[in-house]
Amino acid sequence: MKRLFAILATLAFSVLASGPAAAQATSAAKERVVIQVSTPEQRIWNQALNYVENLQELYGKDNVEIEIVALGWGIGMLKFDSPLATRVADSLKRGAKLQACEVTMGRQKLTKQDMLPDIGYVKAGLGQIIKRQKEGWSYISG
Amino acid sequence: MKRLFAILATLAFSVLASGPAAAQATSAAKERVVIQVSTPEQRIWNQALNYVENLQELYGKDNVEIEIVALGWGIGMLKFDSPLATRVADSLKRGAKLQACEVTMGRQKLTKQDMLPDIGYVKAGLGQIIKRQKEGWSYISG
Amino acid sequence: MKRLFAILATLAFSVLASGPAAAQATSAAKERVVIQVSTPEQRIWNQALNYVENLQELYGKDNVEIEIVALGWGIGMLKFDSPLATRVADSLKRGAKLQACEVTMGRQKLTKQDMLPDIGYVKAGLGQIIKRQKEGWSYISG
């Protein structure tokens, strides 16, 4: 009988620990948002950087993880000659991650020397966005 | 022994009630779609309003909840001088919610007097889209 | 007592089989990505076709299902006179699905004779994207 209760307890625990309730609790703890930047328009790049400020103000800086993934036509936001270099640096200082897509860099023959300092790199921008979605991050198209 | 069965029954019920099956049943009942409008292009605003008609035709007017969130460069769709004022009014009459982002309004020094009548307001457009995604709404970038 | 263990075993099995772990296992088996194309810009159409190549390279051609849904302002990508006809044919040969939205075709008085060969058709582009999201596909805005 004791063994039976032990099994029950284990089972109940695994339900509670791995079920939707647990997932909800985790995501309530900290917001996580991945933002896609894939257009060549500077006003859209600017807007994505506004999003960093807005989200930090909304949730509190320590309660939200923000990752901007620049790929395709959006890669220019993170290039060395980006018109938004100062704002990019500010977003990094605020704790947001800005990730450049290495597939895009390869297509455009860009190396890390061509990019802004302190940014991050991901093997494939699309793959990163897909991975984040599957990890439960909210997805925002820039 | 009776108590044991009671525990088992409770456990089984909680699995059935909170599991993926329950989530699916809820979402099958009524489609819920949140549409982001964050570009300054009128043709994209127009398209978002087309989406309202299309979704209501597809699912039946009473079987779908639609919320358009206008933020950033998209806020103009809901301003008093919007070139789409008539279509916005029509979408509201159809039962769609059109929500203006108050963060954007603050940045652009807009008050409710500057906006179209009968629209809704959300504290933060991004926050609303994220909230809807977490509630299981489908997300469409306008 | 034996019956009790049988109930326990059934319960444990149903938890393991229908829970998040199972969902993860399924999605790990094959990536599934739906891409929305709804802007009139050729550079964005081109980019969506790049995505097909990138995703197949990233995951391996047999490990990813890709569906591009062209609707609204994006329908031109799949019209007979599309500037990207050759690239569309190549994407089809690679195994991607390219779906034209019949709601959009109706609005623009287009018939299948006006469209590129071998593409697919969906009753409603938005409905297809929503359906895919609910089936667990990753969503990318083009």
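All chains are identified by letter, namely A, B and C, in their written order; residue positions are counted from 1 within each chain.
Throughout what follows, contacts are C-beta pairs under 8 Å (C-beta built on N, C-alpha and C of every residue); 3 or more make two chains touch, one makes a residue touch a chain.
These figures come from a predicted structure and were not determined experimentally.
Chemist: Shared numbers divided by all numbers used: is that above or below half for chain A and chain C, i.e. same or different?
Modeler: different
Chemist: Can you tell me the C-alpha superposition angle of chain A onto chain B, nearest 5°?
Modeler: 120
Chemist: Could you give the separation in Å between the centres of chain A and chain C, each centre being the mean of its C-alpha atoms?
Modeler: Comparing mean C-alpha positions, chain C is 22 Å from chain A.
Chemist: Can you list the residues of chain B that touch 2 or more other chains?
Modeler: 4, 8, 11, 15, 19-20, 139, 141
Chemist: Can you check the complex and tell me which residues of chain B touch chain A?
Modeler: 4, 7-8, 11, 14-15, 18-20, 23, 36, 38-40, 72-73, 103, 107, 123-124, 126-127, 129-130, 133-134, 139, 141
Chemist: Which residues of chain C touch chain A once you look at their complex with the stated criterion?
Modeler: For this pair, the touching residues of chain C are 4-5, 8, 11-12, 15, 19-21, 27, 31, 33, 43-44, 47, 50-51, 54-55, 57-59, 138-141.
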